[in-house]
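The following pair of complexes shares a single chain, chain A, combined with chain B in the former and chain C in the latter.
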Partner chain A sequence: MATITFDGIEVEVPDNSTILQAARKIGGSVVPPAMCYYEPLKGSGGKCRACLVKVTAGSAKDPRPMPKLVASCITPVQDGMIVENTLNEEVLKTRKGIVEFLLINHPLDCPICDQAGECDLQNFAFEHGTVAQRYEEERRTYDMVDIGPYIKLHMNRCILCYRCVYTADQLTNKRVHGVLNRGDHSEIGTYIANSIDNDFSGNVIDVCPVGALTDKTFRFKNRVWFTKPVDAHRDCPTCSGKVVLWYRGADVLRVTARKNAYNEVEEFICNTCRFDKKATSDWVIDGPRKIDQASVISQNQYAQNTVIPAFTKTVTEGYTEVNDTLPEHKQLAAKN
Partner chain B sequence: MQLSNRSKKMVVKPMTLKERMYLPAIAAGLGITIKHFFRKKPTIRYPEVKREFSPVFRGLHVLKRDDLGRERCTACGLCAVACPAEAITMISAERKKGEEGLYREEKYAEVYEINMLRCIFCGLCEHACPKAAIYLQPDVMAPAFYSREEVIYGKDRLVENADKRANAGLDRVNGVRKLS
Partner chain C sequence: MAIKILSEHFDTPGIETLEVYRSKGGYRAVEKALKTMSPDEVVEEVKKSGLRGRGGAGFPTGMKWSFIDKKSGNPRYLVCNADESEPGTFKDRHLMAKSPHSLVEGMIVSSYALGANLSYIYIRGELLYVLRILEKAIAEAYAAGLLGKNIMGTGYDLDLFVTPGGGAYICGEETALIESLEGKRGNPRNKPPFPAVKGLWQNPTVVNNVETIAAVPWIVNNTGDEYAKIGIGRSTGTKLISACGHLNKPGVYEIELGLPVEEFLYSDEYCGGIWKGRKLKAVVAGGSSVPILPAELILKTVNGENRLMSYESLSDGGFATGTMLGSGGFIAYDETSCIVRNTWNFSRFYHHESCGQCSPCREGTGWMEKVLHRIENGHGSMHDIDLLVDVAKKIEGNTICPLGDAAAWPVASAIRHFRHEFEWHIQHPAEATKPGAVYKPEFAAVTA
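Take a look at the complex of A and B:
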């Protein structure tokens, strides 16, 4: 076990875990954002630089600071490490720059994009970005591609996080898509118009942090925040069958896997569950899905279906009645 | 019972002869009435004469077209989520090949309805619109209605006429505010 100090909070984590995992153990607003790291996928992380943190002391044995900001998702912890995230000006300033870099080629088509409302990049830019952009050059553009009957690829929106590549590698036995070319010319593709028809291929839609890979059966059907998420399950021979149904009225518009607080899929689901079972009679309803109160999806939800943010809880729990017997309070009362 | 010493004491005196005759009071009252005959009348005779609108007046909605006559609305749903009265509903559709002259973006509103009974003309939809598509016109009022079906405005009545442009959103070109 190693004990590290993250943003002034001590936390004990197993050896070989990363700084990001330690931060997630604390939870709340100190957790660095992650655009490419995806806990269920092995080898992911280290690409988007969104999770950069400052290590002010490397370890108890060697307390020198690390010279540069490090990516917290791939840097292992060491006993006695001191890490700064939200407390460090340099980190916050760098993160603004990272947003600007990620948005260089990302089109501003959120009004059209089906991911809007549950998009990691939208949240990241909203929390850490600046309003204006300085980039004046032509953006790289690609045509939309249909990969398979269910998935649409908008290469314009891709931020090259490699999550979908890892998903295909680790969930399926034969990957047919990958990243072609290098540097600024990199693109996700199947090289020769190939279609992805593996039984678990639909999961690339869920892991995509932006709207680059979208569900064709949900395409332009409705905005995410007008649909109501409901937990449901069914006996599926190929997957766990635990999903979220997104309702509009009585219709199931979309089926997705269940995601945790960091937008990571808990259990991957198969294409049959995702694309073919779109009737309420196919499912056993477990109850409404809890949605973060700060999310736009919590619009028109009942209060008990929303998750109240952590800071509100700490404020209400930390509230104490004013003790009038204390001398300083008596003085205050006398003044008023 | 005296509650405070601020109350006024009423003294009722008997009326004098002049007061009891009432005639001077009647003449004074008539004088006021006759004076008003020659004053400027504040009444606006509505159908013939129309009152000038305030420059920030928010009237009937319009869905604008861009310079090339294409519909600006992409059915992003931000107006509907911003609407405090939940008056706006829409169904989106994908633009097909050959419809590029009709709709500006690859997605458009197939159905766009505003319930004018619900609408409170707050203008939040106009603020929320990222494409500068919806405006509350500064010079057109929502007309009176005779049946409830009339109050639900569809695209047939909301989208502006390509030949006769609405007098709203003129400070914006293709959704971007013109710098003055």
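Take a look at the complex of A and C:
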């Protein structure tokens, strides 16, 4: 076991845990956001950089700080490590930058996106972003693609977290789903426009943090916050059969896997459960599902989930700084 | 005459053949190492030599070799990084094309030192003709019993393969290279684990640059102590510099580390001065990734000392007034060069070559390129300059691999040292977008 201090709170975790796992053990508002890491998927994490934290002491043996911010989702803990997240100005500043990077090429089409209301990017931007917008260039765009009869790929919204790639790799027996091209022109490909016909392919919808992969049987049917989640199960020969049914009135509009507080699937489900069983009579109802997240689904509105540290102002100031250097502003400042 | 370790026989006719190479003393190091030295003794000599990685980072090679995990009992690999794609860098190509056996000999000796029985040369895909030269050299070495089973009757086995990449700059990053070599998409890995523990096929691996490996036979033949006498301070030995840009004599030169930059630029033995009798404006000293420096700062440090071609002297002053030796891609710019256009061009490269895994680099490189493109084409605004600085800062240090830094540094340094040129471009779009337009110091009075 190793003991680390995370944002001033001591926590003990097994030796090969990551910093993020330690923070999640503490829970609540100190937990760094994770846009690409997904505990059930081997090899995920390290890509989005949303979870960057400052290690101010590497370990009890070697208490030197780490020179750069590290991705908490992939950095292993050491006994005596001291980590700062919400207490560290550099971390919060950088995280604002990450929100901005993830949004510059994002279409911001939340009003017509099925993911809105349960979107990790929306939550991330709401909690860590700024209102200001500095990007004036054209956004990259792609055509929408149908991958198979059930799934729509809306590449414009993708943040290239690779979760769906790992899912396709680890859950389905035939990987037809990878990344094509490089850089900001990368895209999720299915070699090429090959449909994913596999019993578990629907899970890519659940792992996708944004509305890039959506359920065609649910598209545009309803806003998620108008639907009521209910835990249910059935005797399924292919998967565990443990799901969440999303009701509007008496109709099941959507079936998803059950997810934990970090939006991670507890047990992956098969396509039959997800797409074909949309009658209450197909299921044994377990009871209403509580959505623990500070999400619009449970609260009907956005709730600020983070502690606001004293230096928040300086963190956002980084953004107005840019405009303050405009000659007009300088002249104004000189006058005052 | 300056000392030549790597390039001594570059111009010897037929040196690409085993026969001529051997007649010039080639493969003596293989014989000496395999027959009279233990692998650890070879590592020890390389440590003593002070040889540092020539791929860009300058990490001490002997130390890197001693990190390789020998305890696990897993097979170990040596991989030679011949992906050379950094703009301005073309020294490895020259070495391999001219004297392929130098690399093959280096690979045998280095593989022996590391206990590797299977080694790879990962070569940039565009260099197919060099790949053919190397394959020929390797075939000759096999035929002569210098590769394969029981080399020179010593019981040591080594197989050596050359594998071409697909033409991605990112595959020069060592972990992306390993992924690519494994047949996967060339995405850099998160570190740790480092390749010395989990590299190729998850086994202990050392990745070294072509030039690094090619220097090892000399060290084995002449001892590490002798090598350490060459050069200056912790920059021991010689370095190949590929010089290009507005020079009278661009080309690949072997220099003793510690050579004054001024001598390298102006003496007839090396670059022979700036072409057309023009004045030097700026230099990128170590490949496109390193910070650009204006002429004053490349010739002298901020303390007025002569700047030398060495790891320490070039980085004197940190990034505020210094740069890096990097890979040795030396690009000179004369007074007619437009720094804004050059910065845009570099950022276009990094935008194109980012693998796209991590958000700061994937999104930031494209953003910087687009803003620079706007400025270059007369559509910039003054706040774009600080925006660029801020975006570069938000990329730097926050990415999986150093390509993010490499994309940020050229932009940040160009603005640091040539801010007035960016301002001029933005404030005088009509003049700045005329073909061949370039900022001149006398504009300063007008702009201010």
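Quick note on the criterion: the second predicted complex is superposed on the first by the 294 of 336 C-alpha atoms of A that agree within 3 Å, B and C clash if a C-alpha of one lies under 4 Å from a C-alpha of the other, contacts with A are read in each partner's own complex, and residues count from 1 in each chain.
Convention: a contact is a pair of C-beta atoms (placed from the backbone, for glycine too) under 8 Å apart; a residue touches a chain by one contact, two chains touch by 3 or more.
Quick caveat, the model's predicted, so the values are computed rather than measured.
Asker: If chain A is used to align the two complexes, do chain B and chain C fit next to each other or clash?
Answerer: Overlaying the two structures gives chain B and chain C room side by side.
Asker: Given the touch rule stated above, what does A:Arg219 touch, chain B (first), chain C (second), both, or neither?
Answerer: The first partner, chain B, only.
Asker: If you stack the two complexes on chain A, which partner ends up touching A:Ala279: first (chain B), second (chain C), both, or neither?
Answerer: neither
Asker: For A:Ala116, select first, second, both or neither according to whether it touches chain B, chain C, the two together, or no partner.
Answerer: Touch status of A:Ala116: first partner only.
Asker: Regarding the shared-chain residue A:Ala261, is it in contact with chain B (first), chain C (second), both, or neither?
Answerer: Neither partner.
Asker: In the overlay, answer first, second, both or neither for which of chain B and chain C A:Val179 touches.
Answerer: In the superposed model, A:Val179 contacts chain C only, not chain B.
Asker: By residue count, which of the two partners contacts chain A more extensively, chain B or chain C?
Answerer: Of chain B and chain C, more residues of chain A lie in contact with C.
Asker: Just chain B (first), just chain C (second), both, or neither: which does A:Leu92 touch?
Answerer: neither
Asker: On the overlay, how many Å separate the closest CA atoms of chain B and chain C?
Answerer: Superposed on chain A, the two chains' closest C-alpha atoms are separated by 20 Å.
Asker: Which parts of chain A are in contact with chain B and also with chain C?
Answerer: On chain A, no residue contacts both chain B in one structure and chain C in the other.
Asker: Which residues of chain B touch chain A in the complex?
Answerer: Residues of chain B touching chain A: 74-78, 80-81, 92-94, 105-107, 130-131.
Asker: Can you tell me which positions in chain C touch chain A when the two form their complex?
Answerer: Chain C reaches chain A through residues 168, 170, 185, 190, 192, 351-360, 362-367, 370-371, 374, 382-383, 386-387, 390, 394, 397-400.
Asker: Can you name the residues of chain A that touch chain B in the complex?
Answerer: Per the touch definition, chain A meets chain B at residues 109-112, 116, 219-223, 225-226, 296, 299.
Asker: Under the touch definition given earlier, write down the residues of chain A that touch chain C in their complex.
Answerer: The contact residues of chain A facing chain C are 45-50, 52, 68-69, 71, 74, 76, 94, 97-98, 100-102, 104-105, 134-135, 137-138, 140, 159-160, 162, 178-179, 181-186, 318, 321-323, 325-327.
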